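Can you read through this structure? Questions will come right after.
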Amino acid sequence: MAWKPVEYVDASPEVRAVYDDIMQTRKTDWINNFWKVLAHDPATLKRTWESIKQIMAPGALDPLTKELIYLAVSVSNQCNYCIASHTAASRKAGMTDEMFGELMAVVGMANETNRLVSGYRVEIDKAFE
Amino acid sequence: MAWKPVEYVDASPEVRAVYDDIMQTRKTDWINNFWKVLAHDPATLKRTWESIKQIMAPGALDPLTKELIYLAVSVSNQCNYCIASHTAASRKAGMTDEMFGELMAVVGMANETNRLVSGYRVEIDKAFE
Amino acid sequence: MAWKPVEYVDASPEVRAVYDDIMQTRKTDWINNFWKVLAHDPATLKRTWESIKQIMAPGALDPLTKELIYLAVSVSNQCNYCIASHTAASRKAGMTDEMFGELMAVVGMANETNRLVSGYRVEIDKAFE
Amino acid sequence: MAWKPVEYVDASPEVRAVYDDIMQTRKTDWINNFWKVLAHDPATLKRTWESIKQIMAPGALDPLTKELIYLAVSVSNQCNYCIASHTAASRKAGMTDEMFGELMAVVGMANETNRLVSGYRVEIDKAFE
Amino acid sequence: MAWKPVEYVDASPEVRAVYDDIMQTRKTDWINNFWKVLAHDPATLKRTWESIKQIMAPGALDPLTKELIYLAVSVSNQCNYCIASHTAASRKAGMTDEMFGELMAVVGMANETNRLVSGYRVEIDKAFE
Amino acid sequence: MAWKPVEYVDASPEVRAVYDDIMQTRKTDWINNFWKVLAHDPATLKRTWESIKQIMAPGALDPLTKELIYLAVSVSNQCNYCIASHTAASRKAGMTDEMFGELMAVVGMANETNRLVSGYRVEIDKAFE
């Protein structure tokens, strides 16, 4: 019932075109399982890759900051695969052990205070509106 | 049943000491409702402030990056007060409209792909282990 | 598009029977909006009430402990209505301000450490298996 | 510390009655682990099964649509067992690969836009009230 | 600090083009706040609309089923704006009160059993792998 | 990419001091992986332990109630490690099988009704304000 990765040699031209763009954009000859499994639905594969490519490109935020934010959300959502893959991507983008430790501390604290706020039903300050 | 903010004039010396430290650390003469409501439990007020103070101080990650991560988690958790307060804090730390837009894009996309990963039950690549 | 509460005078006999049982079980002459809105789907109203009645009855855990757990989950899920109603129910069952403060502290901390565990990908100790 | 499935031969008459009803309702001679583990608490086993039986029966929504909704929520919540079991149940109810792909796309997109809405603090349109 | 909707008359040509496509695709002369707020980031507005347009188009699943799934996820995530807007969209696509009631029942039950599964740490049946 | 537990013999004096305090406080000669992995960031290890030590100490709520609440949140969040470790801790604090069954029932029901409340957009009763 699990979805097997679609390897390059078995992929349709439409899927291969996405794989090629991923490898060229990331300057690698390797595709991780996320994309190889999404390949079962070529429309979702293409749309998701093009969105990621646009969103994760350098902009007002640099690539490392974007990767840290991606990792923060994945940790907060407790998505194990995503944590593994975006820890790897963050390291590639320059994340050190110290940065990872500080990232975890912020994610943990945000999850704690989000609940304190809800439980105490804190009203939004006028200064924030 | 809602918790009223504890104003400085009504606060115990223990609570005032925390308020004073918040204002001094943040170089402001203003305390937002989160702290004033936590003041109903001075032990939690003190522990939470001291943790936040330690965690949000400049380190391997700069204060703006930490604020962006805090905001990202709060948005992902859909905590309305936290979004309002940490949007304000992020702006104070230097977040521009462009940065906010990119932050939202990454948070949205991470939430999307976290679920694609789960639904397709993607196995973790050996390269990530 | 919002769902209006179904008042007793406007309710069908099937719905009234549930309202009567709620009031008798809780020793009150008042029904809160949750039930009055669920009344739009009498099957769900009846099933939900009977489940709640069974689950929240005294057992190996006393009613206050059960209410605290209900409140803890509602706070963790950030369900505003549920926090309001179960704070009220917890107080009725004996929750003091001190208990509420300690409950919030545990809920906050659990949400924090849940994410530290995920982010660091902590392996389950053999002693726990 | 893990909960072992309670096999039919080892089950109490109360538990066996639920197992029998599950097998008869589902026209199968097989019980999956969820029920066999819930059997440690016969009251919860019985209540949960009777609720599921009522809720998942054909009504205004057909069984396939109900299974897809169940799967959508389980994917959104990232419950691995639930995704495995409800993918199987959805397939049995008629879900094709194409339907699964479209379901995942909707679940992913809903999770994305839910956060965009929160982050931008979008006000509810009067037309929706 | 909140984001004001960008009205058509104030919008850039790039944003107007998206608004026009939304109105034409949905056969309406009205744009809801979600899009008008996303307009602050035209790249995200365009990408999100094009993704939604592709994903919500009729396919192996009909538009009503897709809307119900979107609503189910939004309810499960407790996104108030999204619940309001997708309840409206579901009604427009044909959702009756009975269907809404059954949808809520399934979403509620899935959230319940997802946690029973986790708490009891149920192992995935071999038949599901 | 996974984080290895830091064993006592390999730990710095700062980390050993925390380990010693954990063992003394818990009257055990054993440290579970959570702490041994957090040891990669001694500041977070120390702060988290001191917070937990303060929060989980007997107060207005007894240690068993606190453990049950911790477990309830961990189950609701579906954090597998946390469920394993806090099930063990709850048992040590006196949780019986019957208590566990009732805890699960409450956690499941709270997750269900939290979503019914959201989906039906139930307004908060004046009596709760």
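Think of it as A, B, C, D, E and F in the order they're written, each chain with its own count starting at 1.
Throughout what follows, a contact is a pair of C-beta atoms (placed from the backbone, for glycine too) under 8 Å apart; a residue touches a chain by one contact, two chains touch by 3 or more.
It should be emphasised that the depicted structure is a prediction, and the values quoted were computed from it without experimental measurement.
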Neighbouring chains shared between chain C and chain D, ordered by label: A, B, E, F
Shortest path length from chain B to chain F (each step joins two touching chains): 1
Centroid distance [mean C-alpha coordinates] between chain D and chain B, Å: 34
Distance from the mean Cα position of chain E to that of chain D, given in whole angstrom: 21
Rounded Å distance, chain A centre to chain D centre (Cα mean): 27
Per-residue overlap in chain E, given as positions that touch at least 2 other chains: 1-2, 40, 43-44, 47-48, 51, 55, 76-80, 84, 87-88, 101, 103-105, 107-109, 111-114, 116, 118, 120-121, 128-129
Graph class of chain-chain contacts, one of line, ring, star, complete, other: complete
Interfacial residue positions of chain C with respect to chain F in the complex: 2-3, 5, 30, 32-34, 37-38, 40, 44, 48, 51-52, 55-56, 59-61, 65-66, 68-70, 72-74, 76-77, 79-82, 84-85, 87-88, 96, 98-99, 101-103, 105-107, 109-114, 116-118, 120-125, 127-129
Chain B - residues contacting chain D, complex: 71, 75-76, 78, 80, 83-84, 103-104, 107-109, 111-116, 118-121
Residues of chain F touching chain B in the complex: 1-2, 43, 47, 51, 54-55, 128-129
List of chain F residues in touch with chain D within their complex: 78, 84, 87-88, 91, 97, 101, 104-105, 108
Touching residues (chain side chain C, partner chain E) in the complex: 1, 40-41, 43-44, 47-48, 77-79
